[in-house]
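Listed after this line are the structures, all set down as structure tokens.
You will see chain A twice below: alongside chain B first, and alongside chain C after that.
Let's look at the complex of A and B:
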């Protein structure tokens, strides 16, 4: 364990020096910071539209945002996690396992009394600490901005829900980190290592949900999961492919945690799928053979 | 020019031998075909539901039959166009980046410049290769989806539909060249290849995903499932009258959207393919009058990116050591 922690410390130092994860992290934090503002601006406009329509006698329907939770303002964070967060996680994962192979320092590291499991576990712990720190920062930003918008500190229950959401977000991001790490171990070129998980991400985020729900790709850039169209083969396809779409399951779990009234689906299943995805990734990574992580690159 | 063509020929041979790139393009092809199949199936589901509804109306003795859902074949391409704007752009970056990165990594660029070649021979040759490669890829993709619409969607095309398809394919080709040229220019410009990939990916994220997503989020009508105005039972003319009171917000939202070339590409192709209801079944002249500014934006962006790649890709920049 001591050796794994030494590797994780080294991983953190290396991540601090890498530019790509840092740039993506900055974009992510920036977007989360402004997402509360965008949510507030839009909700205010919709409420004003409703007031205008009510005053001119065009509608008698209630204001759609009358009783929404303050957490509704941070609903766009979900989509930024699926878009920017997942890509950042893939880049961090690929970089993590590629670094030593690229610099050929992997032979030196493995000449020390350290097992492959300890080495890969250490790297995973290092990346998890990096992402956890990033999510704590974004969680704090979200908490402060929502409290500022509603004019009072967020209550205990909402704070707990927000913490739960960022907890699930960490597991979700770790699933993509591990996918990136596996790709970084098995790919023979750096570009391939990056593109295979990105392609898998696009399958998970766009292709699988589209087959199951008939939703167009751009409409999937929505913080809540799409529901299947009744009839045809969509119901059956969604039953089979739905659980495979980790991104849609994460949206489902997040929607429930952030009290999004549009959220549908079973919270327990959604959480289970996200946890299983991360666990499978961890298991696959830890089963890596010694000669595999020493493989030379073709670049 | 001869040197550029020789380089282009060499690049095309390289691209043909690049199994990974072919796998990636096949992936895009499969995604767009799946999208058409899904849309056609969804139309079938709608039609079945309509027939059942009509049947139940008839058995209840009601003689008023609602209009049947109409199939506009080109509207089935919506998902395919969206895949091209998201995944196509991403893989175009990979192609443009890779075409310079491989030369730098293998140090073959030194060998290339040991020959007596002109200032623009290398970038022009590479850009010609990119243009030819995307021409082939876009032709295959559009032919496949057209066949798919015809067979799976059981649709027939009019002569004007083919013209619409050619216009959409041409714009898609320009859009993809733009992303490849941008990545090529960045890979030549930066001392470290990794930095080029960082900048290209961040631009892709911002232009293709983030800006359109924010614009979509800010649209008041998208705030409620099924549409805000439908949920408030407000008719279209009244909706426009209400929205006129919030023109400042809508201008800001639209301003954000039009800062993304992807949105211009989407608006232009959606208009010509009739995906946007306003332009559906309209003569080409009317569609052009409505979206010529979007076409200009895509062209400017494409020519701008090609110009950037041509000017930035110099012997001095490519031979710099990291």
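Let's look at the complex of A and C:
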């Protein structure tokens, strides 16, 4: 375990020095910060229009934001996690296992008394700490911006839900980190190592959720529930393929945690699918053979 | 300490239909500096990779310092130091950061004191906070030696240690190898095709030809066995062409 921790420490030092993961992290944090701003602007604009409309007698409907949970303002974060977060996770994962193969430092590492499991576990822990730190930062930004929008600090229950959401987000991102790490171990070229998990991500995020539904790619970029097409074949396809879309399952679980009234699906099933995806990734990675890690690149 | 630093018996490595190493039987006593000679592609690097447990043999066994590598690979890794050909490091990390990482992997809990000792021994302590990416080949090789001896191994494996070095770098490295052997009692296994290097540093030599050990004896015995040859180079060429064992 001591050696796995040495690998984790090294992973963190390396991630701090590499530009691409840093840039993606900055973009991600920026987008989450903007998400709060978008929420605040939406609230302000809609409320001012509603005030104007009620004053002129155009409507007597209640303010659409009146009974909305404060966590509603964080719902765009879900999409940023599915898009930028997952991509960042893939890049970080690929970089992590490619680093030693690319730099040809792997022989120096493996000439030490360390097992493959310790080596890969250490890398996974290092990346998990990196992403956890990023999520803590984005969680704090979300908490502060929501509190600012609603004009008072978030209550205990909402804070707990927000923490739960970022906890699930970490597991969700780790599923993509592990996908990237596996690709980084097995691919013979760096570009292939990136391309394969990105293709799988786009299938998961855009193709699978569309099959058997009326959803189109643009609607999948929005935090709205997809509508199933009624009918035997479509319904059956959606039932079979739906659970395979980890991104949709994450959106479902997040919707429940963020008190989104439009959230669909079963919370337990969604969490289960996300956890299973990450666990399968971990298991596959840890089954990697020693000679595979030493594989030279054709770049 | 075991009588033999390295013992290989019936050691073979095949890649599909290609045989990289065939039935290597070799015993190197503790305290020796052994030079393995051979043309490019003769199987020298495969031999080092098998002896350092980086590769698993197709057949045969390796015993390092009395420890069976197949049964206790991590125990073997504890007692060996390894410098690969064209050693590479994490370029965006400093000498200290690179060495700290390898020291921790070797089980050193407070590595900084040991790293400073080793860098001082190698006369390289002025570069501890510089990034390795900016180093010349000779400087990298010094860091390479440092990472290999951090955990005070008893057997040191060097794969073409002077490859790509300028004459001064070759001289300095040769001096380091001799000092490690004489002052720190490290047994050294060195792959090389530089015969001048062998004459000045090795106590015994082996010649590998097309994956098979064609010759193995002490350097003194070798020079005595070929009294009419002027240099090790001509002896090497004669052994290579005649296939003497």
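Methods note: the second predicted complex is superposed on the first by the 272 of 299 C-alpha atoms of A that agree within 3 Å, B and C clash if a C-alpha of one lies under 4 Å from a C-alpha of the other, contacts with A are read in each partner's own complex, and residues count from 1 in each chain.
Following the convention adopted for this analysis, a contact is a pair of C-beta atoms (placed from the backbone, for glycine too) under 8 Å apart; a residue touches a chain by one contact, two chains touch by 3 or more.
Every value quoted in this text rests on a predicted model; they were computed, and no experiment measured them.
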{"item": "First, second, both or neither for A:111, with chain B first and chain C second", "value": "second"}
{"item": "Chain touching more of chain A, residue-wise (chain B, chain C)", "value": "B"}
{"item": "Touching partner for A:27 - first (chain B), second (chain C), both, neither", "value": "first"}
{"item": "First, second, both or neither for A:171, with chain B first and chain C second", "value": "neither"}
{"item": "Partner chain in contact with A:276 - chain B first, chain C second, else both or neither", "value": "neither"}
{"item": "Touching partner for A:144 - first (chain B), second (chain C), both, neither", "value": "neither"}
{"item": "Touched partner set for A:291, first chain B, second chain C, both or neither", "value": "second"}
{"item": "First (chain B), second (chain C), both or neither touched by A:9", "value": "second"}
{"item": "Of all residues in chain A, those that touch chain B in their complex", "value": "19-20, 23-24, 27, 31, 38-39, 41-43, 45-46, 48-50, 52-53, 56, 58-59, 61, 64-65, 76, 79-80, 83-84, 87, 189, 191-192, 194-195, 198-199, 202, 206-207, 210-211, 214, 216-218, 221, 229-234, 262, 299"}
{"item": "List of chain C residues in touch with chain A within their complex", "value": "49, 52-56, 74-75, 77-78, 80, 82, 84, 86-93, 97, 101-102, 104-107, 109, 147"}
{"item": "Contacting residues of chain A [partner chain C, same complex]", "value": "2-3, 6-7, 9-10, 13-14, 17-18, 99, 103-105, 107-115, 290-291, 294"}
{"item": "Chain A contact footprint on chain B (complex, rising order)", "value": "20, 24, 27, 31, 34-35, 38-39, 41-42, 44-45, 48-49, 78-79, 82-83, 85-87, 90, 94, 97-98, 101, 105, 194-195, 197-198, 201-202, 205-206, 209-210, 212-214, 216-218, 220, 223-225, 228, 231-234, 238, 242-243, 245-246, 249, 266"}
